[in-house]
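The structure appears right after this line, and notes come after that.
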Amino acid sequence: MQKIKPFDHLILILGTLFLCVPVLMALMSSTHTAVDIHSNGLFITPGSNGYATYEKVLTHRGGFTGDVTGLLMLKNSLIMGFGFAIGKIVLSMMAAYALVYFRFRFATVLFWMIFATLLLPLEVRIMPSYQVMSQLHLLNSYTGLIVPLLASATGTFFFRQFFKSVPDELLEAARIDGAGPWKFFIDVLVPLSKTMMAAIFIIMFIYGWNQYLWPLLMTTDESFYTLMRGIKSILQVWVGSQIPDYNEAFALAVLAMVPPVAVVVIFQRMFIKGLTESDK
Amino acid sequence: MAELTLNAVGKTYSGGVKAVSGVDIQISDGEFIVLVGPSGCGKSTLLRMVAGLETVTDGEIHIGSRLVNQLDPAERDIAMVFQNYALYPHMTVRDNMAYGLKNRRTPKAEIETRVAEAARMLELGQYLDRKPRALSGGQRQRVAMGRAIVRQPAAFLFDEPLSNLDAKLRVSMRMEIRKLQQRLGTTSLYVTHDQLEAMTLADRLVVLNGGRVEQIGAPLEVYRKPASTFVAAFIGSPAMSLLDATVEGGRLMLEGHVLAEVDHKAGPVTLGLRAEDLRLVARGGVPMRVEYIEELGAHRVVHGMVGDQSLAVVDQGAEAPGDLIHIAADPARLHLFDAATGQRIDVRSRVGEFAR
Amino acid sequence: MAELTLNAVGKTYSGGVKAVSGVDIQISDGEFIVLVGPSGCGKSTLLRMVAGLETVTDGEIHIGSRLVNQLDPAERDIAMVFQNYALYPHMTVRDNMAYGLKNRRTPKAEIETRVAEAARMLELGQYLDRKPRALSGGQRQRVAMGRAIVRQPAAFLFDEPLSNLDAKLRVSMRMEIRKLQQRLGTTSLYVTHDQLEAMTLADRLVVLNGGRVEQIGAPLEVYRKPASTFVAAFIGSPAMSLLDATVEGGRLMLEGHVLAEVDHKAGPVTLGLRAEDLRLVARGGVPMRVEYIEELGAHRVVHGMVGDQSLAVVDQGAEAPGDLIHIAADPARLHLFDAATGQRIDVRSRVGEFAR
Amino acid sequence: MTDTPLSAQGPTAPSFLHRLRDWWSGETANPVKRVQFGHGLTPWLFVLPQLAVVVIFFYWPSAQAVTSSFYIEDPFGFGSTFVGMENYADALGSKEYLSTAWFTAFFCVVVTALALGIGLLLAVKADKVIRGAESYKTLLISVYAIAPPVAGLIGMMFFDMHMGPFTRLFAFFGHELRVGVDYWDTTIALITISVWKQIPYNFIFFLSGLQSVPVSVREAALIDARSGWRRFKDVTLPLLAPTAFFLLIINITYTMFDTFPIIDVIVKDKPANNPMTLVYKVYLDGFKGNDIGGSSAQSVILMVVVAALTVLQFRFLERRVHYG
Amino acid sequence: ATDITWWHGMGGRNGEVINEISQKFNASQDQCKLTPISKGTYEEALSSGIAAFRSGEQPNILQVFDAGAATIIAAKGATIPAEDLIKGAGEKFNREDFIAGVRNFYADSDGKFIGMPFNSSAPIMYLNTEAFEKAGVEPPKTWEDFEKIAPKLKEAGYLPMTASQLTWMMVENFKSRNNQQFATNNNGYDGIKGTELVANDANQVMMFEKLKEWADQGLYGFYGAGWADNLKPFEEGKAAMWIGSSGSFGGLQKSAKFPFGAVFMPYWGSIEGAGTQSFIGGAALFAMAGKPKAENDCTAKFFTFLTAPETQVYWHENTGYVPVTEAAYELAKSQGYYDEKPVAEVGIQQLMLPGGEWTKGYRMGFYPQIRSVMEREFNRIFSGEVSVKDAFDTIESEGNALLARFAKTAG
């Protein structure tokens, strides 16, 4: 029994306001015209241009071929998000499995080799990475978009911690039950990691979803446009002499928030629980 | 079903810790062997070597006629029940039991029959579709048992399977295990550090101490003729009181009182007395100052001091702390141990009731 | 040190679960009260209400003369020992003990004296600078105790403090707790579901069932005169056997055998028999078919069937499963309960040894 | 006590042969799991995908970056001159580079401290309240989903020199906020936005960390200490240390690397004399300035610094962290 | 049909117009099919082009902005000079068709077109008509004029002037408008080795000392390096003058709620020979090397199509960039576009002013980084951290170090 003081709510409300008001303003601003936003800044009240903006953003056939609509970008963003999240989970679970459950030379070396990838993000090694991709003939492909981003340790690190907390006896029981490494992995470990996978999924989904620079460099085909790229291409003119279509950028941003937020809301319970379980 | 032979078995962990050494045990088909000993004495290590979960660094282990030292756990035809059950939390009770069989490519129909049979035996029928988390501790325990039985292995291995249960459940579960093993007739090796459990379950007890076998024998034999002070103190509740005594000219002396005549050379000895072998006498006997009393309902355990050595006596009387009482025992029920080595001394004759 | 008064205390959890209702307990200064009852009966809830960890939804709790319903746990002047110790894992043993005192601005020197005193008492001196993880289970338990005693609070609250220990350690720890409490004279409320622990520790036992008090009394009183079949089955080991019997014309009948003459109206009753109150007779008595036997060293518990009802008898004999034996008991040791309500029936007179 | 420690026998030193065999099979004194699968090909099959990705897409390009750092290179690859350590000397010898390095360190400390602090505060409060907890959590976590360029844009508009609400707020307190012109004003904006973006992440992890602190330990503290602050400081916080340590590393990585879209937006593509981080400078010189050799040298320096930092943190901080 | 690709760095409406032009080209013939692809900003487009070239994945056409020109022109094998390409394909090409101001910027020292001028802009001065009426003053031609009218505008309650992107306005185009040398080696056209920046000369320093002085007097507002931050006061009607791009016209029409006009960017009457044309801003198109002849011919065909008057006028009227050929200018004029929108004519007229020795352009490697150095130092000047002289000394020394580094890239 801990007494809850109004003060606690006050802090939470302030924190929530600090975090959410900007997002709310993005939403509200998306219903005003670009010129209004350009001249007056962000809005906290709704405007009258919302329907037009969202209709345009969703159905406007942009790009050279006229195929680049909000829906196409949404599709590609989803492919990026899912592809990355799933790829990440598969790769890092397998690697973490090998590192934790096998007795083999170099396990520590391998762990540090993988962990070191936290030290240098893609942005910093982007040019050489591009050359590698082109040598592998992976430009303009979903594989090329997704796979290089997988070279990072976060997921492996998470799963390693989680596997360490799985009771030893489960492996022992499974071995006595005649399960080999693959069967144990598929039959026992994967189902046990469900909540952890959900947690990682959200984090990674958002990461993949929000990629910009790499897709820009990697693809030359309009059919690979993502929402993030749509937003950036609207906004990039602000450095020059034009008025960017702020309203459309905000509308795209709001649309871009919907799937991740939906994922967060749906998986929230699992999410928090999943992250917790590693600490046991 | 098979015999189990441990031949000079030893284990040195890679850090250099010698957890088990020179263990020889011969277990006949269908026998129920209980390994007891204090925490850290190597019980689990020994069991896990039999299971194939630890490498055997010395000696040989045979199951039936096969030398299994190099075999994988799955190839040894054994089943194991773990202390914390180690059920697969994501599988139903049915799947938990069936998993080992599936991995052995047992035909579907056969699996179903065996699971149904085990469920009936363990009264788990109505829980077959639940996940472990929806079961009580006792029920989980039975699922773990079920997982072992369906396999119809050559041997069962149990590592403290009851220690997570509460006292009441522990008592009822240990009966069930015993009944089951008798019905199936499967050779079993059972680890516990609860001596009551050990006594009630075992065909033969193996008392381990510091990685070595201290004594092997039927429970009552071990109880009545403990081979050393270690075994004496470990088996029996309340624990046997061990006191310093001396033999002087063929007489066993405790704090200046003659207890019995013994055929042993003069010198210090350790005297073992079980609380239930002692009784109160109105006069004579050895005087004991009552310190405190445990009321257990059925009887009371009186703890007191003889000189400056402590002693426990079972009694139905009405003494209170501070009272001076006199106790006596049948000399046949005295245990003598070598004061230096702690080894049992079997004296050839003892005469008279102690302290006339 | 203080009195503790619970006045019609009840607890309804926010989900609507009524965990405790109408509990009245009057605990005098220095008394050691043990709360027993099966899992889920509300023991922890009650204790936690006293500690201030749960809100009290009905009734009043007084510590000394203060009504504490609304006070913060830290203001109630109580100390609590948790089932899983709840030691601060990041603090040394010393800091764990000192923490509560520091927060009460006890002078440094005073803290040191008290911690040293507690450490001496609990033989923890050499571990003072270790972290809990480097201690064995029993040692952790003692630290948890130490943390409570240095505080010198008005009352100790214990929530199953021994249930994580192995059997042997449990026995020795419960003695230490009892001795300590007697030395300090601090009012104590102790929760357990182990009836042996309850018997040996309590000044008075409170048996809870489904959130209500079933019986309050001294351990032997509860043991000897259980107020209901619930209490009868819960207190005592092996559990009291409860059998269906009938009274016909003033005679108590079990499976067709006359047991005693009782002054009670005719009809079905529940008969309670403790294993240690029964003895074997060569002839006569009630016939019992031996089912299986538990060898406990000091004695054996013989389980068998009378008709189709099961019964346990303590014995030193040598029966084997399948034997037919005959048992008898002193009518003064029979317990009768109302067949419908389970409440104890105190019959005015009983005549004769059962089944001549 | 029943413990009969085996140390009485003393651990015997393992024979040379034992050790050789252990080395060969990878057996160590402290394996991660009590029982592990044997060696052989299988573990390699499991690490292989990740390893391949890491080698191909991390080590290979990184090796190229290291090689490039010793050359001054025409961006199109027509000519290059081997210059040895000159690129390193140029970077480390430049006043601008050093001041950027100092700013990066400062920025790291402040952003990490604030983001962790506020994230923790909110997590503690959200963990405490029951009513409305779900809504708070959902709202706070949702912000995590907002796209970085939009986060930057929103931030930029909030700090706009002419019409930003924050500019007005500061004016109310008598300070003319000139983000993009004044070094420290820009710093304030960068910190605010970076902290804002990172709070939800920290909140999520702290909240789950808190929920894993044993309830009974918290209750024990409730009995021992009256002041909520003391309970937090003495008990909750130390028990959160593993989470905090993990977050510390992630947050430092975040401020070092992932804040660069924010900087890009706030300085509107033209850093001028505004503060920036080392990574932004690598991006600026390499990606925008096409100076491959120089920027490679900078990224190698960065890698070394971050690696050293990580090792330091593991060596000195993690020791103080209490794990379960 | 032969497929060719065009990577560009335009977004928003400009990007859409690029798509429209490409469609027009594809519709105009059937041998070639052009696909334009947006690669982010100018910098991102250039970097993508470089990365792609190194991997042999380059597009046929790459758009490169003014500051990046030296980088791509210095890489001799990376591009095919536009002139060679067009002539090689048998298309007509005449340098004189292009207006004076765009002829040299993307050409070599002999005047041969390396890049194809495409989206060209000029820095011009926009005026708030109301402000000038209120203050009763005439728009300035020279900075001396400015010094006279500025106090009156201030009195009338206006901030007299702001300017975006000082590097472009007050350094590069200061050099051009006042016919001042910008770098040795013929402004860098004659070779990479040994090219040095001429930045801390007396006139350049004087320009900034004046700016600083005006800023201190409240005659000029400095709002950092951001383009929009400096534009905003003008849009809000607070500033009377703003120096921006001719291309800003389209945006201003939407955002400025008052009548406005434009004049040439001022020069110094005190400097002899000043008043020359300005450098073009914006970007040019480069034909990347390493492509088959058939594709190169299509590229040439597209370049010819681009310079056709109709295409240029369409581009000019839709984006605000100036037309690059005389013919296009004439066409627009004859259509009466400038009668309707006189402001749209200012940029092109300024580019058609007579040139001088130093007005054809500049060629300096790592120039984007040199711009960064300048931007940094300008902020310091206006915050009073450094003197103008010191700032330009720094610019020159750091700039020369960068130029020396660039010289090494040639091998």
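The first chain written gets the first letter, and so on, giving A, B, C, D and E; residue counts start at 1 in each chain.
Following the convention adopted for this analysis, a residue touches a chain if its C-beta (ideal position, glycine included) is under 8 Å from a C-beta of that chain, and two chains touch if they have at least 3 such contacts.
Please read these numbers as outputs of a predicted model, since none were measured by experiment.
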| item | value |
| --- | --- |
| For subunit A and subunit E, chains touching each | D |
| By number of C-beta contact pairs, the top two chains | A-D |
| Centroid spacing, where centroids are CA-atom means, of subunit C and subunit D in whole angstrom | 54 |
| Euclidean distance of C-alpha centroids - subunit A vs subunit D, Å | 17 |
| Distance from the mean Cα position of subunit E to that of subunit C, given in whole angstrom | 92 |
| Separation of subunit A from subunit B, taking each centre as the mean of its C-alpha atoms, in whole Å | 56 |
| Residues of subunit C engaged with two or more neighbouring chains | 52-53, 72-73, 136, 166, 168 |
| Per-residue overlap in subunit A, given as positions that touch at least 2 other chains | 1, 127, 131, 172, 175, 232, 235, 238-239 |
| Sequence positions of subunit D contacting 2 or more other chains | 2-3, 27, 34-35, 160, 163, 222, 268-270, 287, 324 |
| Complex interface listing, subunit D residues touching subunit A | 23-27, 31-39, 42-47, 49-51, 53-54, 56-62, 64-65, 68, 118, 121-122, 125-126, 128-132, 134, 136-151, 153-155, 157-158, 160, 163-165, 196, 199-200, 204-205, 207-209, 211-212, 222, 228, 242-243, 249, 253, 257-258, 260-261, 268-270, 279, 282-283, 286-287, 292, 299, 302-303, 306-307, 310, 324 |
| Complex interface listing, subunit E residues touching subunit A | 5, 7, 10-16, 19, 22-23, 35-41, 44, 47-48, 51-52, 54-57, 59, 121, 227-228, 235-236, 244-245, 247-248, 250-251, 254-255, 320 |
| Subunit C contact footprint on subunit D (complex, rising order) | 1-3, 214, 216-217, 219-227, 230, 234-235, 238-239, 241, 322, 324 |
| Complex interface listing, subunit A residues touching subunit B | 167, 169-170, 172-179, 183, 187-188, 191-192, 194 |
| Complex contact set, residues of subunit A against subunit E | 35, 38-39, 62-64, 127, 130-131, 134-135, 139, 216-217, 220-222, 232-245 |
